[in-house]
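Both complexes below contain subunit A, partnered by subunit B and then by subunit C.
So, the complex of A and B:
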């Protein structure tokens, strides 16, 4: 591991100033991803600016009935919070579906959004990887890719984003707030992650040196009727091979409002807007759910070894929306 | 005390099991390595060193964490509890006693991490935290009972390569004051053998 200096930030402006002065510096939150990547040499910062103790660890109900979640709130505290569990249950479920109890206690919301892909080629510095070393190539395209992307990828990178939390945030129109040396800014989650294209090393639209300060969830009554389901290769403590955050408002057998986002299928949490558009006003039944899933997945470009994900995601859409519709009908 | 910005090591004071230890650490040192290699607290074990096995689990400010991904320099100011600090003098922690009584281990390497994790699991459950095994996470739903399924999910960050999981689940349940049917049977046999 490269040697590094360490500073504990006392306030947001101080943290931002430290990072602005050193392009080789990184913010340290829980460290569950960054420290791991530093051990393997994927990340080689010369300075760590520890932001874990910044006063950004609050969850508040906003005046309009949404939620504001501070960037240093841990995964555990987010998932345990009564307002999260009551207003956005799929968000609590998504966070609980990720990692282990130990890691959820350490990991922060800001870091969760910025965690790196678990693609094995990205993690192995002896292998080419366009995300880690631009232009070096992508062995995953012809190699081990059974858990890689089926949507929105490019020939340059087929890695997926590993966050469960992000999938629920995508479904609920989260807005990311940040601070830079020039002042505060915000990005809707839909614009936060950049398309892969030929620049897979550029992952977010955050300005250089920006510190994520929080996540705002707008009010969404439909979110109270939501669910997160994750499919993985063992029963617990594994990354998804496919996941879904879904919310449904159905009355008299007709879809009034619906939210759908997919995980483990793209370089970022995938908001399924095509499926949502197909569903509003449609019958709340399995045939309509399947048709909507097919409409969304028509854009899928599976690789030789991950075609199963198309079927998996279709089945997840039908299963989870059917459950939510049955609950609404009770 | 803020370290000098040009320095790649710092003097830190770590509060471990109620005692303060002052040492100079290279910033790259994990809490796990500081405990084992610098402070002779070798109860905390190194398994994968990647945050995946849970053998290095300790309590930070009362919450379980993997010490292999925790930088020692960043642990200054926090209350660190290791397996050496969970008993009260000669009296074992109820989780330690339950692991002994119900054979919640085979080789024992993962056991310190299992026990630290289980102590926190019982507290998290008592605080009403749901888990991925909880059917309804909404606060209006009753808190989930600590069923074997809930224990398995909540303990999934601690691997046991001997596969002592069956008795680990029983030990956690007993320490939480819940008797599983299997543990009751096991307990009778244990007591019978001792008598």
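So, the complex of A and C:
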């Protein structure tokens, strides 16, 4: 483990300046992922700039009825916030489905978006990994991959993004705001994560040295009737093998509006737009849900040992949308 | 002179009464110090460097740049390390060469120790170890474990490799019903909470090792042998141990620490990381097992054949004797068991909680459930009909065998009588529900031990016995045992353990610890009580009586001595996601005299929790290409989390053997035996699908299909 210096940033501009002055520095949020990666040698920063005390820990309702969430809001505070629970219940459920109480008390919203894959090859510096060492190879495709990607991956990397929160944010069209030395900027979540292609080491479209300052959720009435379901290999404290954030507005047995996003199937939270398009105006029944899932999953390219995820995601779409439809009909 | 009060007043019995751990307050307040946190002046820190090659030779190690790094004191490796003697028989046989570090340039597996970097601080040692460049001459490796390995061979472990009676094929042919199935269990790791840690120092011509282990007599003997030291010049202490489960014997960290302390002539501490433990601490081999059962229409067994294959390293033989439980559990006209092993380029496996019995009972007790289904007899009734009179292989009588009592009482409490035997017909929302049962057994042995009990001048007592309390509550149990033998109260008894200077004693293993130590303590305490009854007074230095159980253990009659148990589980399975959740478990045990119901229940429930974990979660994955692990940490290697562990009830039936001088049987291991089979049998009952490969992961349930 490399020795490093530690500094606490007092304001956003100061934090951004510190990182700009030292390309070998990293922002430290809750440290629930970065510190682990430093212990295993995957990350070797010379300097940590602690941004957890920055005044970005507020959640507020925006003028148009959306939500603005500061980057240093903890997972625990996000999940407990009444406006989140009321307007975007799947988001609160997703956050609570992740990690443990202790970790959620530490972890921040900005850090959550930037956490790294839990692929075991990435985490082990004695093994090749294109994401960690570009060009070194990807052993997962022919090795252990039963929890790797089925959508949007490439021969260079089949790792998945581990976030639960991000899946709900993807479903609700979140916009990421950030600050650089040159001023503020923003990125819709759909453009925030880069396609894998042959550059799996480039994960986000954030400019170098950028500090995430917050996440904005646009108003989405459909989100009030939403759910997050996570399937994992033990009942808690494990990353998903498949998860879904779903919101449904069905009236008179017809789908009016729907949001669907999948977790643990791709290098980023996967917004299931194909399925959504197939569903709007369709009957709110199991057959239509299954057909929509099939349409989305037609693009899946499973590996020899993760084909079950296609079945799992199809079953999750049907199960969760059916639940939501039945609740709406009551 | 004072007068001891023992024997002069009636004192309420302590054994059998719940008692919190005598060191409990120290542990929860942090006063109790574990091996890696005891301070020493001038302490240097060693960090092990492990091989990334799976097979080959060390070509060179670039020590110069590392020696120039801040704080680095030395780098030990195969070209400069002191020689070790490995040609000896220790308490449990020959040493595992993985512990005999830096003796040659051969690399037999990933994670083989190739160097120790010692520095002033742990952080400096770690950074230097991580940048130390080691060059290998790599050779192709072979880690492919499978049932059809042509190079597998039979191997005796602590029991014979093969037992055979009767004509197996003839009896199978004559059977009305035959079950013939293959079962697999994966590589599993102990993962005690406290990682292995040792500090070695020379003090006045004696070597002292402050360690976390399962027996200081054992470890001190190994170190004395390996370093060619007089046994009396080695002292090993291990006061508190945060779990062992079979992994804490002699390991690379103690040997490397002793080497470095010798070379540097200052105290050196070596601690394993969690990741290093996956290579250095031993593990349970994967197994592939075939069970064949042939029965008459009434369920009586005509044929039983259990053969098991496990893996070992290329440098040391260890066998997971999974075919062993059948030799105790069930008789048949033709009865065959065989344990085979195959040598692979992997670390040497070792004892892990219920070695042999845990994986063996999964296969055997699953097969029994399959037989029950096929012959249409209730699984408990099937076991009743196959209850043997004598040891099926040995022909010896059982010292006590209360298996059926466990099943009867367990069935009553669990509500088994109302069970509909049909699979896949119960639902609760999205969950399919099922129940399952399985039998358990574990040997009740004892190892020679010594103890000294002192009546102090102030009227209190001091017990010195080199026990190891690895979290079992042994220290407390021995306090209760001594109090009763001395006819006093536990608060008048202090028990000293975990120090090889206390004299030779059995290690904490094979569920034999408490039985062995209590025996020695009782012998000494009984004699002391008799002496004190003479009322001659206690001199200022106290009166000490010593005992040695070697002769008493040798005089035990030849019998089948075992604990038994019945496991029950209820599970819920979501056929749409493959998730399996255990809803409740019950374990009823017949395990001799229960010394401390509080910690005993803790042992049983802990073992059953391991069973849930084994059934549903635990699996160390090896990467074929590199020969190393994938996800070797507690995020990648899943053990049951709190949410996986539902209401578990453990209790016991009377299990008295009047001929046994101690009456205590071991309880540390039987809790896991049969537990995974009970869960797997419940999954069948829920879904109608047999899962013969552990763990029963969601992807396997989804892929296997079943009643959806």
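We take it that the second predicted complex is superposed on the first by the 330 of 330 C-alpha atoms of A that agree within 3 Å, B and C clash if a C-alpha of one lies under 4 Å from a C-alpha of the other, contacts with A are read in each partner's own complex, and residues count from 1 in each chain.
Assume a residue touches a chain if its C-beta (ideal position, glycine included) is under 8 Å from a C-beta of that chain, and two chains touch if they have at least 3 such contacts.
Quantities reported herein were computed from a predicted structural model and do not represent experimental measurements.
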{"item": "First, second, both or neither for A:237, with subunit B first and subunit C second", "value": "both"}
{"item": "Touched partner set for A:308, first subunit B, second subunit C, both or neither", "value": "second"}
{"item": "First (subunit B), second (subunit C), both or neither touched by A:142", "value": "second"}
{"item": "Contacts of A:50 with subunit B and subunit C, given as first, second, both or neither", "value": "first"}
{"item": "Touching partner for A:156 - first (subunit B), second (subunit C), both, neither", "value": "neither"}
{"item": "Subunit B versus subunit C as contact partner of A:32, first or second or both or neither", "value": "first"}
{"item": "First, second, both or neither for A:319, with subunit B first and subunit C second", "value": "second"}
{"item": "First (subunit B), second (subunit C), both or neither touched by A:1", "value": "both"}
{"item": "Overlap of the subunit B and subunit C footprints on subunit A, listed as residue numbers", "value": "1, 3, 235-237"}
{"item": "Complex contact set, residues of subunit A against subunit C", "value": "1-3, 40-41, 118, 120-121, 123-124, 126-127, 139, 142-144, 146, 231, 233-239, 241-242, 305-306, 308-309, 311-312, 315-316, 318-319"}
{"item": "Of all residues in subunit A, those that touch subunit B in their complex", "value": "1, 3-8, 28, 30-32, 35-36, 38-39, 47-48, 50, 52, 76, 79-80, 82, 85-86, 89, 92-93, 96-97, 99-103, 105-106, 230, 235-237"}
{"item": "Touching residues on subunit C, where the partner in the complex is subunit A", "value": "52, 123, 126-127, 130, 275, 430, 576-579, 581, 616-617, 621, 623-626, 628, 630-633, 635-636, 638, 640-644, 697-699, 702-703"}
{"item": "Of subunit B, residues touching subunit A in the complex", "value": "2-3, 5-8, 10, 26-28, 30, 49-51, 54, 57, 60, 63-66, 69-71, 73-74, 117, 120-121, 124, 127-132, 134, 136-140, 152-158"}
